[in-house]
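One chain, chain A, links the two complexes that follow: it is found with chain B in the first and with chain C in the second.
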Partner chain A sequence: MKSNKIRLVTGSILLMLTVMILYSCSTQTDVMGTQNAASKVYVAPGEYDEYYAFLSGGYNGQMSVWGLPSGRMFKNISVFSQYPETGYGYSEETKPLLQSSYGFIPWDDSHHPNFSRTNSTPDGRWIFINANNTPRVARIDLTSFETQEIIELPNTGGNHASSFVTENTEYIIGATRFSIPYDADLDVPIDSYKENFDGAFTFIGVDPESGRMSIDFQIKMPPYHYDIGKAGMGVSSDWVFFTTYNTEQAHSLLEVTASEFDKDYIVAVNWKKAEEYVNAGNGEIIDTEYYHNYRTEHNPMAVSDIINKVKLIDPADVPGMIYLLPTPKSPHGVDVDPTGEYLVAGGKLATTIPVHSFSKMLDAIENERFADYDSGIPILEYESTIAGEVENPGLGPLHTEFDNEGNAYTSVYISSEIVKWSLSDFTVSDRIDSYYSIGHLLITGGDTPNPDKKYMLGLTKTARDRFLPVGPKQLHPAQLYDISGDKMELILDFPTYGEPHYAQAIAANKLNLNAKQIYSLSDNEHPQATKRPRDVRIERDGNEVRVYMTSIRSHFTPDNIEGIKVGDTVYFHITNVEQDWDMVHGFAIKGMENSEILFAPGETKTIKWEPKRTGIYPFYCTAFCSALHQEMQGYVRVSAADSDVQLTWGTGE
Partner chain B sequence: MSLKSKLLMVLASLLLVTLYFTPIWTITLTAPQYPTGLGMYISVDDITGHEQHDLQNINILNHYVGMKPIVPEEIPELDFMPWMIAGLIFMGLMVAVIGKPSLIIAWLVLFLICGVAGLVDFYMWGYDYGHNLNPKAAIKIPGESYQPPLFGTKQMLNIKASSYPYCGSLFMGISLLLGCIASWLEFKPHKSMDDNV
Partner chain C sequence: MKLYLSLITTLLFIIFSTTACGGGEADQNEQPEVQQNTAESDELSQFELDNGIGPITEEIEISDEIDREKAKRGFETYDMKCAACHRMETRLVGPPLADITERRSPEFIMNFILNPVENTRKHPVGQELLQEYMMQMTFQDVSEEEAREILEYFRHVNETGQEVL
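Entry: the complex of A and B
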């Protein structure tokens, strides 16, 4: 009996152990998989990421800088929207950047960042980004990571197919998303669309030394809607490509009316030929109005030029420059493979991915295989340019990037996945889920002649249940995939900032050594800079008062100011005379109907203040700069308009 | 005085010319916020930062504990020392020209006096700098002083200060050694008559 009991107990224990071991084995595999993914994205404290990624901010109008593979955010770069945290768009230096022919625009929708390029490869000098709503393109300097220039595009309604850059940054392309009448003030019935509306492509020249942009010429196009563009590379580097929708030329309920035709077009533009025509004096100069806002490396005070002319060429007048490639069902993306031979269309309503051949296109042009013409532009026969169609790509293919082994990766919106397929036989070899509804994707180097086969970032539109819930409106996620093997592997899922559309990545060592640590005070050319203590002063000119102030740990000079009067317009020109990396000070004053300003070491910034009531106004440093940050403060005395309080100032006196 | 000794004296003197081009001492300050350190070089005629703005940043940190700012233009030694070195160079060359062996000894003694005086002065400067604090300083810690070490490493609040000779000191040492060799050559006991043949 006794031994039976022992056997029973021993048996039960063994059974339990077996179950436990078996159970733990199954979870062991999950743990191993998770650890494997975790180790791939783990960047140890104090270590640097392999890549910088620049994500457009979408409807926040900004651009954010991230590290890959860690998915850590480093900076928000203010571009098209005011940003009260730093004073961007509020400071006197940056307000001119947001001026347009429609006045001061405090917000926009930024979509497609693109690096400056040398031999179609990012060279780390600048990154450009487009504003979709009020059509503009911005240039961001990649030593300061700050917006230096914004140029407006005339004759354009929504600059979506932008800011793609040609082989050696000769041009940034832009295109009208919504065709409109060129005369911005033309008051006509909307149903006179076909008579009065036109499309336009814009070619923005870039000065190779300074990066300064200029609208070099525009091309008049039929009133289609232009979706997205891409510059050719390799064999096709003289060409740029745009997709079209609404070739039906509808103007209402476009979800139905613009989806009637079986095929819309990819537009192929030989920009070298267009440039030759322009240089040879073709085209006409037309009246228009657009703003060009810029600042220089050492003078942060932006200025605005208003320009009233633009060069316009009409393809009907100059042959051999533009061709239309019929492409199924309102194509969205047009992406060029690393050799420049294949043009991959994202037929967002199509059930296949059509791939055009650049060399077949040249043959078709040579042999004049034209099916028709529109507005004098030849339409090539579909069969003459098509290289193949990828079957079963999922529903709603949008954008494609490439690796260095002849594979293409296409984002598929409706079926929420990425499909991997081969450029040699156009068959799908792998697919992986997106969380959820992917828009653009990014492969490191995936839009250049030399892609990596390492990381892929999917930029998705809704988070739903992916993270701890934060109410009905949540941040947009991104997923990082390891694509080094045969199978794509999800290794990270993280929330982003704004609504990233497209993104660009560059190897960290191409930027990090050039990143500025300070603005050199000796190079500071701001007209109101205060570089030396003896230059601190306050000047009154009628009702305008200018305070030339300095900040250094842990005080402002001056910090006691009297003699300001109700009705004055006061400009605080504050120079941060620190020359130590990341030693930032800020400035805010009670009741100011304006933002704070933050100023980096060596930087001068200006904020305008119009006190409406008498009283004592405290001001203080808003950036926790030092152990005595809390003491970094001061007072302004505001007296009645008719008072005789003299203008006086001082610190520690 | 042999030609060999004269050449050694010329070399010893000319080696001191390097002091106008390379610092004689370096002080490095590291802190949690400054992992790679801030630092300064001390030359015969100037004090400069390891990096362009280090001196300004050291002065900013130091003002919290009431230390005086380091302003090279206001340190009289930096005006005086270049002339002292010039004097040593000139006299060393004169010793070689005149060729009287006992002058080598005189030169070496002068050199040593200058060197010791320099170190004493450096110590006193450091003492004054670290002890003579502004009574209105924001951070006051009873009994704490901030004198940098003359040689070696010392922890002061959150800052670790390391002070070591730099290239200039090495050249001074070699110069002194060459002078010593010259004097040894002149005054060594003669083993046999053959040595002078």
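Entry: the complex of A and C
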């Protein structure tokens, strides 16, 4: 009893103290601050976010779609990796998308999404993303939010400096991260690097109507390593820029050997000029092999073309197309300000942020202020192009985005922060911590001529203690900042999916009204679509059996199948004949060594099944579709290879 | 100590919740129209009671003679979008339809095709059908014109018994 009394008294004192502290000025501000942040990211139930954000998936090979400012995830778009949840990369429609000159590739490392552009501004038609490992670029349609096309880059060893898009989506750029011999099968000693290895830039043309991509030409480059790129805009819109490292041309322990030189380069490429040279017949056609995989809006069955030639131009043969801008210490990012005048380098080992001037570069070219040449490419004098250096930017500056008031925001990896600095005097005006070790960052519109000054998203590498712990490996976080004021303010911290490298954001109203709600059955051009119940059938051709099936709440037609035999290869071509938004059905059958498939309203998908044993195989709908979802099922009877059970099928008969 | 903690937490909660800021209104983005599944108990008009809820809000003109071309187009839509669940003479997922034009008004048939969810939620006939069949009829992206053609097809079937045109 006594101790209880003491507790009560102590409790009352504690309570009073708490109340006093809470009502004192500073704490009041903190409380208001938290609430302010909460209200800035709060999107009420049923309301929409202001922006779509597309985050690369990094080592999961995909791309995810999010809302800003809420930080809610809407979708995983399968791109370069199989995804058994939907059947992507398992279904017959999507398997061709993952074909390459190295065979079927079930996985890749997706890095830098980039929107299609009109006047350098995202136009909401497509988003592209690069595969870093087996070099490819994908195009995703922004009405279905599905991958429609993947093209392989020849002569390339890791396509990292991609998929950046020029002013009016004339080209998507790519570059070899690791220089390699062009002949993919060339068997040479690695230490013959300097004789046998080459770099390559790739210019992927985009059809303005269909979006269909093609490798229009490549540029032969010295065997450096090429890190990242950006397309110019405004005054520099005819140019694209790449960063280089390993200009030392090392091939082992690059951590040390590729950091010997004081300066590497930013490569400036006049793509308009390159295009003129190509159109005038310059360059040579060389032998190579790459895959081009695509499907059309109404026919989801992808096809692969194998292409054996590519146009290659050598800068030594065509002057005035490429220049090297010396830049300190293995620069990582190269970012172009909204006017196109400034090229900001992120020298990841540098202690300053060098800023080149595009107009000074043009003057230096005009006045031939060349310090040297490499492989016939002029190297400009460092002093001739540099506009300024930002002092004290922190340790390890990487990437920069911009607002509409002349400020730049640079992510700084080693010191784990974002620094804000002015493009007018190159001085730092604000800095804020990131949690932890930031890579890329995104400002809405921050890589376009018309940025906002509203939201900034920092994509960080390690979560450590930020969220409830889930073991030694955790998801990579993102932090949302309010940049509308003088000071950057952290307003949200959330885990993401995969490892987002770069990201893109677009105002919600540029996409949401164009988003498909169904695939129209009348428009379905899938060669194995079953649009009418009367077309449901099963066809046998030797050991190949094709089941033309439909699904609607809540039955498959047919749902009883007999006459399948061990040794058969069975294709289930299932058409979801629903025409109601978001009414999805799925299909799985016992013992399936493939994935399940999910099919959207009006969509046809195919999954291959090779039963190995006789027996009765139940199949069912994997997506809860109605009150009678549990009843949405069927049976397949599999008989011995030599059995004489006739092929029969039906539903409710 | 637990007691104090919970007291403090409660207090904190009260303070937090009473000093909530107004905050900036989030920009309203245009949202596409979605059929809402809200069960409002609005009073139905006599027309709606007789002819269902939906885009058909007044009596439509029907000539005595059946337009065979229209019925044929109606059959094509029906065959693709309705036949997975309906038969003419027997119950399948939904009710048999050979005599539908005798049981329901033309406007009711069209409204039910065009707006099945709201009719099964709010209309007494729709509610009864949902209870009987236990399956929500689905909107199959059928236009008003196509619904009119399907109606013509139903009239044709009812008159001639010919199901395939």
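Assume the second predicted complex is superposed on the first by the 625 of 653 C-alpha atoms of A that agree within 3 Å, B and C clash if a C-alpha of one lies under 4 Å from a C-alpha of the other, contacts with A are read in each partner's own complex, and residues count from 1 in each chain.
We take it that contacts are C-beta pairs under 8 Å (C-beta built on N, C-alpha and C of every residue); 3 or more make two chains touch, one makes a residue touch a chain.
Nothing here was measured: the structure is a model prediction, and the numbers come from that model.
Peer 1: For A:256 in the superposed arrangement: first (chain B), second (chain C), both or neither?
Peer 2: neither
Peer 1: In the overlay, answer first, second, both or neither for which of chain B and chain C A:552 touches.
Peer 2: Touch partners of A:552: chain B and chain C.
Peer 1: Scan A:43 for contacts with chain B and chain C and give back first, second, both or neither.
Peer 2: second
Peer 1: Between chain B (first) and chain C (second), which does A:303 come into contact with in this model arrangement: first, second, both, or neither?
Peer 2: Neither: A:303 stays clear of chain B and chain C.
Peer 1: Which of the two partners, first being chain B and second being chain C, lies in contact with A:641: first, second, both, or neither?
Peer 2: neither
Peer 1: Between chain B (first) and chain C (second), which, if any, makes contact with A:580: first, second, both or neither?
Peer 2: The answer is both, since A:580 touches chain B and chain C.
Peer 1: In the overlay, work out which of chain B or chain C sits against more residues of chain A.
Peer 2: C
Peer 1: Report for A:532: first if it touches chain B alone, second if chain C alone, otherwise both or neither.
Peer 2: second
Peer 1: Of the partners chain B and chain C, which touch A:616 in the superposed model: first, second, both, neither?
Peer 2: After superposition on chain A, A:616 lies in contact with neither partner.
Peer 1: Once chain A of both complexes is superposed, is A:186 in touch with chain B (first), chain C (second), both, or neither?
Peer 2: In the superposition, A:186 touches no partner, neither chain B nor chain C.
Peer 1: Jot down the residues of chain A that show up as touching in both complexes, chain B in one and chain C in the other.
Peer 2: 518, 552-553, 578-580, 626-628
Peer 1: Within the complex, which stretch of chain B touches chain A?
Peer 2: Going through chain B, the ones touching chain A are 52-53, 56-57, 60, 64, 138-139.
Peer 1: Per the contact definition, I'd like the list of chain A residues that touch chain B in the complex.
Peer 2: Contacts found on chain A: 518, 552-553, 578-580, 626-628, 631.
Peer 1: Within their complex, state which residues of chain A touch chain C.
Peer 2: That would be residues 7, 10-11, 14-15, 18-19, 22, 28, 31-32, 34-36, 39-40, 42-44, 47-50, 69, 508-509, 512-513, 515, 517-518, 520-522, 531-534, 550, 552-555, 557, 577-581, 583, 602, 626-628, 652 of chain A.
Peer 1: Okay, in this complex, where on chain C does chain A touch?
Peer 2: These residues of chain C touch chain A: 3-4, 7-8, 11-12, 15-16, 19-24, 26-32, 34, 79-81, 83-85, 92-93, 134-136, 138-142.
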